[in-house]
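Letters are used for the chains, namely A, B, C, D and E, taken in the order the chains are written, and counting of residues starts over at 1 for each.
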Amino acid sequence: MKTTLFTRPAWAGIIVCAALLALLPVLNLSFPASHPLHVSSYMVALVGKFMCYAMAALALDLVWGYTGILSLGHGVFFALGGYAHGMYLMRAIGREGVYQSDLPDFMVFLDWKTYPWFWSMTDNFWYSMLLVVAVPGVLAFVFGYFAFRSRIKGVYFSIITQAMTFAFMLLFFRNNTGFGGNNGFTDFKRIVGHTITAPSTKAALYLITLAMLLGALLLCRWIVRSKLGRVLQAVRDSESRLMFIGYNPLWFKLFVWTLSAVLCGIAGALYVPQVGIINPSEMSPANSIEMVIWAAVGGRGTLLGPIIGAFSVNGLKSWFTGAFPDLWLYALGLMFILVTLFMPQGILGLAAKLRRQKEAA
Amino acid sequence: ADTIKVGILHSLSGTMAISETSLKDVALMTIEEINAKGGVMGKMLEPVIVDPASNWPLFAEKARQLVSQDKVAVVFGCWTSVSRKSVLPVFKELNSLLFYPVQYEGEELEKNVFYTGAAPNQQAIPATEYLMSKEGGGAKRFVLLGTDYVYPRTTNKILRAFLKSKGVKDSDIDEVYTPFGHSDYQTIVANIKKFSAGGKTAVISTINGDSNVPFYKELGNAGLKATDVPVVAFSVGEEELRGVDTKPLVGHLAAWNYFQSVKNPVNTAFIKQWKEYAVAKKLPNANTVVTNDPMEATYVGIHMWKQAVEKAKSTDTDKVIAAMGGQTFKAPSGYELTMDKTNHHLHKPVMIGEIKGDGQFSVVWKTKGPIRAQPWSPYIEGNEAKQKM
Amino acid sequence: MSEVLKPGQRYASEPGDAATAYGRHKPEGVDTSHGAILYLEDITVSFDGFRALNKLNLDISVGELRCIIGPNGAGKTTMMDVITGKTRPTTGGAWFGQTIDLTRMTEYDIAHAGIGRKFQRPTVFEQHTVFENLELAMKMNKRVKPTLFFRLSSEQKGKIDEILKLIRLNGQEHRPAGLLSHGQKQWLEIGMLLMQEPQLLLLDEPVAGMSDAETARTAELLNELRGLHSIVVVEHDMAFVEEIAQQGVVTVLHEGSVLAQGTMQQVQSDDRVIEVYLGR
Amino acid sequence: MNKFIKLTATALLCLHAALAHAAIDPALLAPLAGDDPDARIEAVGKIAALANDDAYKVLSALKNDTLYATPDGKVLIVDGANALDPATGATAPAPEGIDNITVNNRLRGVVEASMAGLKLFSQDRDERLGAARELQKGADAAQAPLIVKALAAEQDPEIRPLLEKAAATANLQSPDPAIRRGAVQALASSSNASLVPVLRGMVDKGVDGSYSEPDETVRAAATATLQKLERRLALTEIVGNLFYGVSLGSVLLLAALGLAITFGLMGIINMAHGELLMIGAYATYVCQLMFRKYFPEALDAYLLVALPAAFLASALVGIVLERTVIRWLYGRPLETLLATWGISLILMQAVRSIFGAQNVEVANPSWMSGGITVLGSLVLSWNRIVIIFFSLVVVAAVWLILNKTRLGLFVRAVTQNRRMADCAGVSTGRVDMMTFGLGSGIAGLGGVALSQLGNVGPDLGQNYIVDSFMVVVLGGVGQLAGTVIAAFGLGEINKFLEPFSGAVLAKIAILVFIIIFIQKRPQGLFALKGRSVE
Amino acid sequence: MLQVEKLNQYYGAAHTLRGVSLNVEKGQCVALLGRNGVGKTTLLKCLMGVLPVASGKVMLEGREITRLKPHERARLGIAYVPQGREIFARLTVEENLLMGMATRPARRAGGIRAEIYELFPVLKDMLGRRGGDLSGGQQQQLAIARALLADPKLIIFDEPTEGIQPSIIKDIERVIRLLRERGDMGILLCEQYFDFAHALADRFVVLSRGEVVASGVQEVMQGEDVKRHLAV
């Protein structure tokens, strides 16, 4: 089974990359800052964040690249996963907030005396993990069920997903909603008893993220390689024809859509403790569009591509914003244009093309 | 190294670039000035600029980069509360220093942060008192109008408690919020008009950034003049007014700790320095640049940090923090500002200005001298114990 | 030519065997006790006042091969749309067997119940290979879970190979279907139809764009399938219709209802048919 | 302020007689330069009581911020480089070291009121009208004789009723019940919301159980008037909401119309649409700058030039984008999303580099400032009225171009089947270019309109892009009529929701509405039906 | 009038057209025959300029047009009735017909000639209907009418009888014969329906695997040689 999931060179590449990634926190912990092999904790945090983005891009590729459902609202799943985990992290602060209350600071501030119902039990880590999966999953399922049942397609679907994320953003922005308004959740102290700023906790989070990303990749790959994957592609290319040969596209779409939302939610949950803040701007339409861009730059419909795309776009962005703070938008914008013009299949597509050319020559 | 690196963390793109870009430029100007006078402890300051692009997690990432990668001694930056909240854990974790130059809602006090902008009692409360005074029009009813986020919410909460303590009934207070980027104020202005029929009304606006222009335009076109319903704003300064046709705004108010129109030698020099800097660096619209309160706060912050470093003879965070308390600086506002010994906030004068036709403010009221910040507002329940901070 | 036809010949010589291969004579779950597999009763379809079908009545018996001809715009394709659930009739009923009401079913339920359709304009999954097109069409449980865990058995693979030969796309099975020529797509679509093993086949102009020789081959294929499936064929190619209709009934549609019905000879000599359809 | 008016009312009565020239006693002027607010107000009153030309000059200088004081307390009216000394009437170059006399709202109110009193007897009809309007805000008993006097002289049919109402308002406080009753009845046709609490006070029992209005008949009259007034105010509110909705709709429409072409017709997911709006707005700004610099006397006409300029600027940018980037992406709508996103980043940053990150100032021309008052108290602002009509004109023009011209036919043909249109002899490249140019140009026109309502800054477009897409999609992609209805529909819904739910929830409700609506109509409001869609 | 010389075309690595040459004279009808998938449509697309050619030459009235864009060729007088109709689905029938006159400058475009409705009476009843709503056969008629409205010098038909009822096939046959007899137009007719082609053609060309394998005048069309290339 394994050998059929990827070609041999692809396996080799994945394993090498994963090993290199896994090495980063080790180098960070085991060498002193002055040592040439030392990797700064900034780098580790950065790469950890990118892996979360990569997972979101991967999830998006499953619905967009393979099923042709362009979501401009995946940010909402990412953020909901983040918020679900964030609730736990907030409660783990305990009485160390500025008001030294059992409630998070913003609740004290808004004169809340008890937790609202949707906060109940969130002090339990495993329950919050359940929420991480369930909240985006249920939202996606319900939203998707009605949308797919009504046969909403193409841009119409994209735009209502955008409307969804926008509506959620406004809702979470409201201070009265109970999620800390614009500031969201931040200033976390502990995660399952470990100090969140401790290097070892960070390394552990990083490694869990890496493992999750790999797992998600394999899962997605297995799905798209199955016959179900081919049905998904058929949904993308000619949904009506598919119905005439007896498939009900509704459930197929709903399956990947929900799965994708769940993966995205997990990515969000991993993101929050590493970045240290979750707030409604994660749900802004522009953020969701950026996810689409990661997938497109890497090469959609390839699974590996979006991961590469997430790393390269964010990597460049991080570098540009530090190195050319005045000019970086030109560079980034130009890059997007050039990628579409000269690499319509993204980075991975270009690589494949070059390989073909080399073989032909 | 023979330079000291300092970080500048202001959005140069995205929604906040409108406000933050000029803070970056002022910071650079100040650094240039310090370097021209021989630097700090004989070392030149080397600014490291990054663009967190109005993206809050990116603020945290960039802060980390500045401190742990670029090894800066101090960071000057942030504008919105959420950006500050987002970087706080980083500064705490890495024990580094942030100078925050903008007025804010209070309810915070971090060892690693120095707040050079106003706390609510240095801006909002005096402004409201003024509105209630005879000179300010003797307002009886209040519309608390803000963008829906933490600064307006907190400020309004404090103000509501304050107004209550002054005997204003709840029915005479109307609290209204709009989403970010809201641009259609027709309904709200109509409601203000309706509300004002019930007695002398003032609007206390905590509308953020971009939404101010459509609000004031609507207000002007609906025929509500400052003499009828004055609006006092806490986020509108000279810089914002550059982008507005000020004719319909004349007479509306703003409360700050500094106005460009303040007349004193330090300010004259400050304005001149800034104007010359803008022309020399060919900043866009260099011939119309203005100064404003957060710019002054940035300028003051950098200078005070320099003094503290020289006093501590080190850029070590803890030593600088210890040296900061009690630092004084003769600020463009015309006063000698003091860094509080305990609460990391500046003692600042409060001024209320009326908008003039040329986009400047005429100061119509000010405190006798600098007043001490109360980051923990006494008008918020549970803060009683913290008053001594 | 005869060589290629071998698999088809097998069905003719061994009908029992063919039944297991291609579905059943007497469809499971479809009550055909009155001998008819499809009834259309007073079907009317109107588009903004224009009546594409006008009180159309039609019934097809089990195992019958029915040819339907009629002028352009007579409503033939619309009739198929109604049967396959693509268009809902304004009034009237469509019954599959005695009990299944097609007007209340979705496209995929109808396909599941055993009606397969070839479209007038060939529609295949252009991004998928020829092989995958056939695999997707193959008769099986088409729900999510079985699809996810599906693995091609060697028997099923053999079946696909067989069909590939039949439609003469063997050797091309790994080409994306989008690259096929018009005629080749027509064939592929017929192949997909056969993979579905439907009880009722609806063929909308199966030989449009095929060369004469290939038309003849299609005719032969349909003749093989005669009796194994119930088949409805819409065509304008008279030679082809003559060849497959043999002595069976040919229906002529005109302006949304049946104009004439009878054997090919009867129909061809009907004055009204000549007037509106065949021309003089 | 009221105290002051009592003080000076009598003086004002004889004001209109003659405005003789006479110098002002420096002792009267001196307090103006001082610090004591009450003294300043008293001085204003005394100066107004002089009722001469110079007094008027001093007051308007005070109001317009052109009154200065020398360090030794002399008051001067400064006009450019020259200064007039109102105490002597002599003009001399403005001396060094003079300081502007600051005016706060309180003083400004007093100055305005005294000037309004003066204006009631002005020769200029508009000034009188303005003054009469000013009086609607509240008049009290002390002003009654003044108003009566003005009424006697007033002939204008528009001003008279205003004055009558003002007189009645003033008479509400009269000690004579008959006069009060008459006043209350006279106010039955008023729509002045500030009368509501006054009348309420007359009708309702006070805390001690007694009525503050002792006379039964006056109370009855007041109840009747109050009812009428409240009904009229409710009507005003509905009409107001309708208007606000139409206005918001017209803004949405103008923002979305260009997108209805580039996205709706051409299928380009044009994320740079917002930036094309922004370019239109900046073109307006540049036009205004040009006019300020070269034709300051014709400044009010700058918008007329800005319209074609903005159209051309945005169209040109659009054409360049189409020729260099978008032309390679037809038929790949999702790639256009990526590329145009990149373009949008670049355009925004370019504007930041050229014009700065801050907003720039675009002023309404004077004919678009202010508003007209309808139904007594509802102010419909001119800029919104103009924009509503403008949006309708633009829609009509676009409709004509697309449906009645050959270009329109080609545009639709190319967007539906590019290859076949090419084979039929249509130069698809040119048509694409012109269509995209047209869509961009119309976005530019939208930008002109937006510049009249809100900010002009690098982010302008970002605020409208999501809304624009919603409007186009809700209406049905490629359906101009759908876009129009969706825009106005969303505008109205929003404005009728907002008073109940507040702006934030109204916006959320709109988004939820869109999501649900699309469930019912998966192809938007004006879905195409039938085979042709597939 | 149309000369094609040694045309080569590739789809990726697949060599689809191999040195195809043919001539169409004014007033002549040339039938292009061949089995499914031999490259007939590909050839016609190359002539129209929809597909680029790798090498070879296309000349119209002595002028080389190999590198011209489709609309330039259309303006030089080539009209194309594509396989699959390619109707503008959301334009009305009338607008579809107007598109046929897109080659002419706006001033001289004028209205739709009445003779078109004589040839295809259905279209007249359907003028206001959207092209995409028509039945397959109706669309085919519309496509032919559209091409005729361009008054071309050379008209290219790709399987015009596909999906058309017999009586109309006869009408189309009449139209083509008329065009041929008018003598001002070259006709290139790609057809599977042998009898139809046989009845109309002056000359024929048989394609197999992208190569011209037989050609000649109408009289030899029914010979064994041709049959062999058309059989499966």
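Everything below uses one rule, namely that a residue touches a chain if its C-beta (ideal position, glycine included) is under 8 Å from a C-beta of that chain, and two chains touch if they have at least 3 such contacts.
Chain identities (UniProt): A = Amino acid/amide ABC transporter membrane protein 2, HAAT family; C = Urea transport system ATP-binding protein; D = Amino acid/amide ABC transporter membrane protein 1, HAAT family; E = Amino acid/amide ABC transporter ATP-binding protein 2, HAAT family.
This is a predicted model, so every value here is computed, not measured.
K.L.:
Could you let me know which interface, B-D or C-E, is made of more C-beta pairs in contact?
P.N.:
B-D
K.L.:
Please indicate the chain closest to the centre of the assembly, with centres calculated from CA atoms only.
P.N.:
Per-chain C-alpha centroids compared to the overall one single out A.
K.L.:
How many Å are there between the centre of chain A and the centre of chain B, using C-alpha atoms for each centre?
P.N.:
35
K.L.:
Could you work out how far the Cα centre of chain A sits from that of chain C, in whole Å?
P.N.:
Result: the chain centres lie 46 Å from each other.
K.L.:
Could you give the separation in Å between the centres of chain B and chain E, each centre being the mean of its C-alpha atoms?
P.N.:
The separation of the two C-alpha centroids amounts to 74 Å.
K.L.:
Cα centroid separation between chain A and chain D, in whole Å?
P.N.:
44
K.L.:
Hunt down the residues of chain C that sit against at least two other chains at once, touch-wise.
P.N.:
47
K.L.:
At least two other chains touched by the same residue of chain E: list those residues.
P.N.:
133
K.L.:
Quick check on chain D: which residues sit in contact with 2+ other chains?
P.N.:
In chain D, 348-349, 353, 462, 504, 507, 530, 534 touch at least two other chains.
K.L.:
For the complex, give me every residue of chain C touching chain A.
P.N.:
Going by the criterion above, the answer is residues 84, 86, 106-109, 111-112, 116-117, 123-128, 132, 135-137, 142-144, 147-150, 152, 192, 196.
K.L.:
Over in the complex, which chain A residues touch chain C? Could you list them?
P.N.:
Against chain C, the touching part of chain A is residues 223, 226-228, 230-231, 233-234, 236-238, 240-249, 251-252, 255.
K.L.:
Within the complex, which stretch of chain D touches chain E?
P.N.:
406, 409-410, 412-413, 416-417, 419-428, 478, 528, 530-534
K.L.:
What part of chain B is in contact with chain D in the complex they form?
P.N.:
12-15, 17-18, 21-22, 134-137, 148, 176-179, 181-184, 186-188, 190-191, 193-194, 196-199, 210, 213-214, 217-218, 220-223, 226-228, 230, 239-240, 242-245, 247-248, 251, 253, 283-285, 354, 356-357, 362-364
K.L.:
For a test of understanding, state which residues of chain E touch chain C in their complex under the given definition.
P.N.:
11, 34-37, 41, 83-84, 122, 129, 133-138, 140-141, 159, 162-171, 192-194, 230-232
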